[in-house]
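For reference, chains read A, B, C and D in written order, and residue numbers begin at 1 within each chain.
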Amino acid sequence: MNSHIVLKVASKVLIPLIVVFGLYVQFHGDFGAGGGFQAGVIVAVAVILYALVFGLEEARRAVPPAVAKIGAALGVVIYAGVGIVSIALGGNYLDYFVIPGGQHIGVLLVEIGVLLTVASVMLLIFYAFAGRAREIPDEEW
Amino acid sequence: MTPEIAFLPGWLVQHAPPLLVVTPLIAGVIAAVLPSARASWGIVLAITFFAAAMASFIAMQVMEVGVWSYALGSWAPPLGIEYRIDGLNAGMLLLVAVIGFLCAIYAPASVEAEVAPENRSAFYGAFLICFAGLLGVAITGDAFNVFVFLEISSISTYALVAMGAGRDRRALTASYNYLIMGTIGATFFVIGVGFLYMATGTLNMADIADRLQGLEGDRTVQAGFAFIVVGLGLKLAMYPLHSWLPNAYSYAPTLVTAFLAATATKVAFYTLIRFVFGVFDPGFGFAGLSMIWLIAPLAAAGMVVASFQAVFQSDVRRLFAYSSVAQVGYMLLGVGLGTAAGMSASFLHLFNHALMKGTVFLALGAMWLGFGVTRITDLRGMGRTMPYTSAAFVIGGLSLVGVPGTAGFVSKWALLVACLDRGWWWAVLALGAASVLAFFYVGRVLEMMYLREPPQHDGHAVTRSPAPLAALAPMWILAAANLVFGIWADIPVRLANAAAAAVLGSAP
Amino acid sequence: MTDKTPRPAPENGIHPLARPFLWLDKSFARDVISLCIVLIAMILLAVDFFVHRHGETAIAERPGFFAIFGFISFAFAVLMGWPLRALLMRGPDYYGESEDSDA
Amino acid sequence: MPDLFAQISPAWALFLSGLICAVVPVHTVRKLVMVLAPLAAFLLFLAPSTLGVAGGVTQIAGMDISTYRLDRLSYPFGLVFILAAFLTAIFAWHNKDRVQDVASQFYAGSALGAVFAGDFLTLFVFWEITAIASVFLIFRRGTTASRNAGMRYLVIQVLSGVLLLAGAVMLWAQTGSLAFDEVGLDAGLAGWLVFLAFGIKCAFPFLHNWLQDAYPQSTVTGGVILSAFTTKMAVYALARGFAGEEILIWIGAIMTLFPIFFAVIEDDLRRVLSYSINNQVGFMVVGVGVGTSLALNGAVAHAFADVIFKALLFMSIGAVLMRTGTARVSQLGGLFKSMPLSAFFCIIGAASISALPLLSAFVTKSMILAAVAEEGHWVIWLILIFASAGVLEHAGIKIPYSAFFGHDSGRRPAEAPFNMLLAMGLAAALCIALAFPWGGYQWLYAILPYNTAYNPYTWDHVLTQYQLLFGATAAFVILRLVNLAPHEKLSTILDFDWVYRKLGYGAGVWIGDMAGRLMAHLGGVARGAQARWGRTLGEVFTPGGAVARALPSGTMSIWTAILLGVALVIAYVAA
């Protein structure tokens, strides 16, 4: 384990930054390049990097697959829920203008849903594939 | 608003189109993460019932009032995404929703026998998502949205098929093969849509149709047409692009087979009709020629060759999978005719085929549940050991052959008349040949079921063991529909004529 | 199947109603009957030459036509049996399908 | 209310009883229903006050359907079918097989329905039901031979239905009407297809073998039921659609002729009777072909009489088969000692079919002969006279003589059960009643399609008939005396079915073999080279076969690309 000390330190610094960058992309999506999909991938990358450096078990403990599953479902529910809410508020489906706070809030909520789902699904796929390979012993690094 | 649905709350009626798609979608993801499979099934049952009810309301409304356009996010079409329901897809929505509900009734029996316990919630989730995707394809008026929903349904279908691995490991390769082929199809389709966007600058199908007028000679449009037809051809198992289908149908869980056979290819077929007749114009030189030289000959070839293959199968679900390929040929033939009568006949056959294949596959599913048999020779004496299931199967089979008094006859007759109108004798011949072959492959199974003694087991004949009610009820509803629509053909014929009127502006 | 079991009849198998007719089995009786038939046929033939009857076709009005034609036809049909037998008759198992019950 | 009943085809009464039989496990109740159903049908049959009503008219998917047309042509056929259903129900009283009960009710019902069908679609439906229902009467004998014969029978019968449908569709395309009326061969291919469909059920020469193949393999009661309906239904259809079609005269004449020679050497009595069906139907076909009102009257009347006396003959031989287990000449003889009543009824039937004066065929067949002579077809007339003598040979003498008299086989089976005797007695009484000179034949003539002034009982007609019959019998006696008559023996007689049962099979094998060798020579295509046709087909299409093998995705992608290319080329060409 000690052999990767540099990697570990560097990634511990990087991972929060990656997540923050993800959030930046997420919120920037409202008025520039970016959006929930890209942000979701970036956030997932943060966790994947963690898994690569600290091991799959660690990552699974940090973000359990069950949580990721629920996240994936939750994202869809948020997205579709916004649509339902807009119906409840008297607009058409996904009519942002009737949501309090207007279009910004509506789009933001939807994008958060996308982020959640994309990040979770990326992770789930990674877990699924990574779980199949044997652990690489230290000597082979 | 028609008086029949006046008792519903106004918001439900007004927002029925998106709710029809979104509720199964939300419920699907929720069902997927629930810890209890029973609870998931409860959701599935409730939601599919809700969807069936909504679809009937929508269909009634459309029949009474006419086209129903719903602008998502209040963005007026053609800018925003539009859900657009007319005579063509009202029937499709009804079909998918009702079949979905019937399959949901049957689901627990199949799932508990065939799907690994840890996968069951996920199975129900995938089922609902697939259901939502199919409804979405049918309901949307936006070409790209069609692609999205097509993929939603397809991807969940791959998962559903793969879950057959609990029973037979070959489900995994079947699913993988299906995935590859389905993805190629989807890619072709989206490329075609891209071409259309390039040529017209819009994704709204009605709008594309308007703007295509006068662009007949445009190479981009022509390429778009070619890609869309071939892409959808893959999805709907047009001969010879069908090879994913037999494996997928034979190794998927029995529930999935019944559901897919009755809905998935039908929805893809609906999309083909929508594009060929609704977006493009059969009057376009290239479209008309493609129908005569590409679709119709392949349809005829599919009818005959796939029927032949069906005759020689030893696995009974595979047999009926090939029969499905042949039946798709019938429908494509109707499209290939390019006339209103042909389209109407083809739509009618789509509807009726869903009924008969639903019956047949549900019955075969019940037989598998009862005895774990899939080979034709294993069905010996089934008429005695599972009398009700076999009787339903007989009705479905006869309908498939096209015996008068069953739904199959009505649509085959309509197709025959449409061919005669056009003077296509070769098509009539192919129809006849395929029907005779159908008589043989169905007859082979019936002979096994009724004229052979039940197999011996430890020196005793296998005892009677009727299927559970949850399997019998949906099977018999479909079987009864086969008979009812064979005699009172009014409702489906009206739907089909409305469909023809919706895309061609004239009923046959 | 149920309807194939032979059942022995009572009283040596002779049905009471058949008793008055058992003489039919005697060869003498048979010869007499045969003779009578031939005789009747010849009388009928003879009658034809003494009455004038109406016929449907020209040939039918010839005296004795029906009796002679009937005789010839029948004889021809039966005698044709010989060559046809040689030509068409095969063993009972020719098609290899058993007529015994296997159910 | 009477108006309502006048709309319901009597066929439904039989179908209903069939459904009841399907669910009722109690034997007596079932039999009661089967006997009562024809009576109910008869009441329905009497309900319409005028002839020619097209009842049960509906529209299905834009087509006019009429299930109950009762006119002067369908009237006698309907009546005799109801009668036949009644007689056979009595005859089958002892039979405990529920499948046969259901099948026979459906079979009789569909034959009745076909006769009353006013349009081709209805006709087709009932046409096919007769095929499918009747085959169970063959299957239920339960032998390998019966199963195979049943399958062959089914294929041919269904083929007939398919041809009928095809012809009907084409007629519809030509005329826009589905009504089942005069068709005629002038209607081109459509007419010929319908003609062929009728011809199969009518057992035209070379299309006839299903009859001799399947009927002798049927069950005891099944044979009786089968003999009554299918062929007569086809005669009705011919009379309706192709009356006066010249070619039918020749077809009919050949039909009367060739079965005689086969029947002479045939060993199986039920097969003899099947040939005799062929022969009698030939007379009717000639009548239809001549097409004058006298000829059609004769054809219809003969069909009426034939249903009854043929059923009677099948019943008596059926009784023999049931009691002895065989119907082969070589194993029978002398049965009159223990089955005198059956023998008596058999003689009545045999004399009827031979047209002995005072028995039914005498008053019916003579009409056809008179009509043929009237139209000047004297060659045909000679053939028919010859055939009449031939009938005497195989049906009139051979059947009663070889089964009940002749060489004593030593068998002493019990007399037939009461219900069989009752059915035979009723049929025999009808044979006599129909030809009764004072009111009997007049009643029969009154229900025929045309009014007729024909009188069969002229003294010269009776005289000539006796001359013919006794002349022929004299030949029988003399040939027996000089021992020139060939004896029957346990055997198989080849007929046209040999072509598909042996030759076709052999040819298939041979061609497959030759093709295989050729292939081996040409390219050394090793596997499958020796395969027969069937196996080759199988190898192409079975799961592991060339066409049906699950193609790898790569191949499929290539197909996709090819199709895309084709589509693009088409678009290019079109522009």
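Some notes on this structure:
What we mean here is this: contacts are C-beta pairs under 8 Å (C-beta built on N, C-alpha and C of every residue); 3 or more make two chains touch, one makes a residue touch a chain.
Every value quoted in this text rests on a predicted model; they were computed, and no experiment measured them.
Of all chain pairs, the one joined by the greatest number of contacting C-beta pairs is C-D.
With chains reduced to the mean position of their C-alpha atoms, the one farthest from subunit A is C. Subunit C has its Cα centroid 100 Å from the Cα centroid of subunit A. Subunit B and subunit D, compared by their mean Cα positions, are separated by 43 Å.
Mean C-alpha positions place subunit A and subunit B at a centre distance of 36 Å. A separation of 78 Å divides the Cα centre of subunit A from that of subunit D. In subunit D, no residue touches at least two other chains. Residue positions of subunit C with contacts to 2 or more other chains are absent.
In subunit B, no residue touches two or more other chains.
If the chains shown are joined wherever they touch, the resulting network is a simple chain of contacts running from one end to the other without closing.
By the document's touch criterion, interfaces exist between A-B, B-D, C-D. Considering their complex, residues 11, 15, 18-19, 22, 25-26, 29-30, 32-33, 70-74 of subunit B touch subunit A.
Per the touch definition, subunit D reaches subunit B in the complex via residues 60-61, 121, 124-125, 128, 139, 147, 158, 162, 166, 169-170, 173, 537-538, 541-543, 545, 547-548, 550-551, 553, 555-557, 559-560, 563-564, 566-568, 570-575. Against subunit C, in their complex, subunit D makes its touches with residues 94-97, 140-146, 148-149, 217, 219-221, 260-262, 264-265, 321-325, 334, 336-341, 369-370, 373-374, 378, 381-382, 385-386, 389-390, 392-393, 405, 408, 411-415, 458-460, 463-481, 484-486, 489-495, 501-502. Residue ranges of subunit C in contact with subunit D, taken from their complex: 1-4, 6-9, 12-15, 17-18, 21-22, 24-25, 34, 37-38, 40-42, 44-45, 47-48, 51, 53-60, 64, 66-75, 77-82, 84-85, 87-95, 97-103. The touching residues of subunit B, when paired with subunit D in their complex, are 177, 180-181, 184-185, 188, 217, 219, 222-223, 225-227, 229-230, 233-234, 240-241, 243-244, 246-247, 284-286, 288-290, 293-294, 298, 305, 308-309, 311-315, 318, 322, 403-405, 410, 413-414, 416-417, 420, 428, 432, 435-436, 439, 451, 487, 489, 493.
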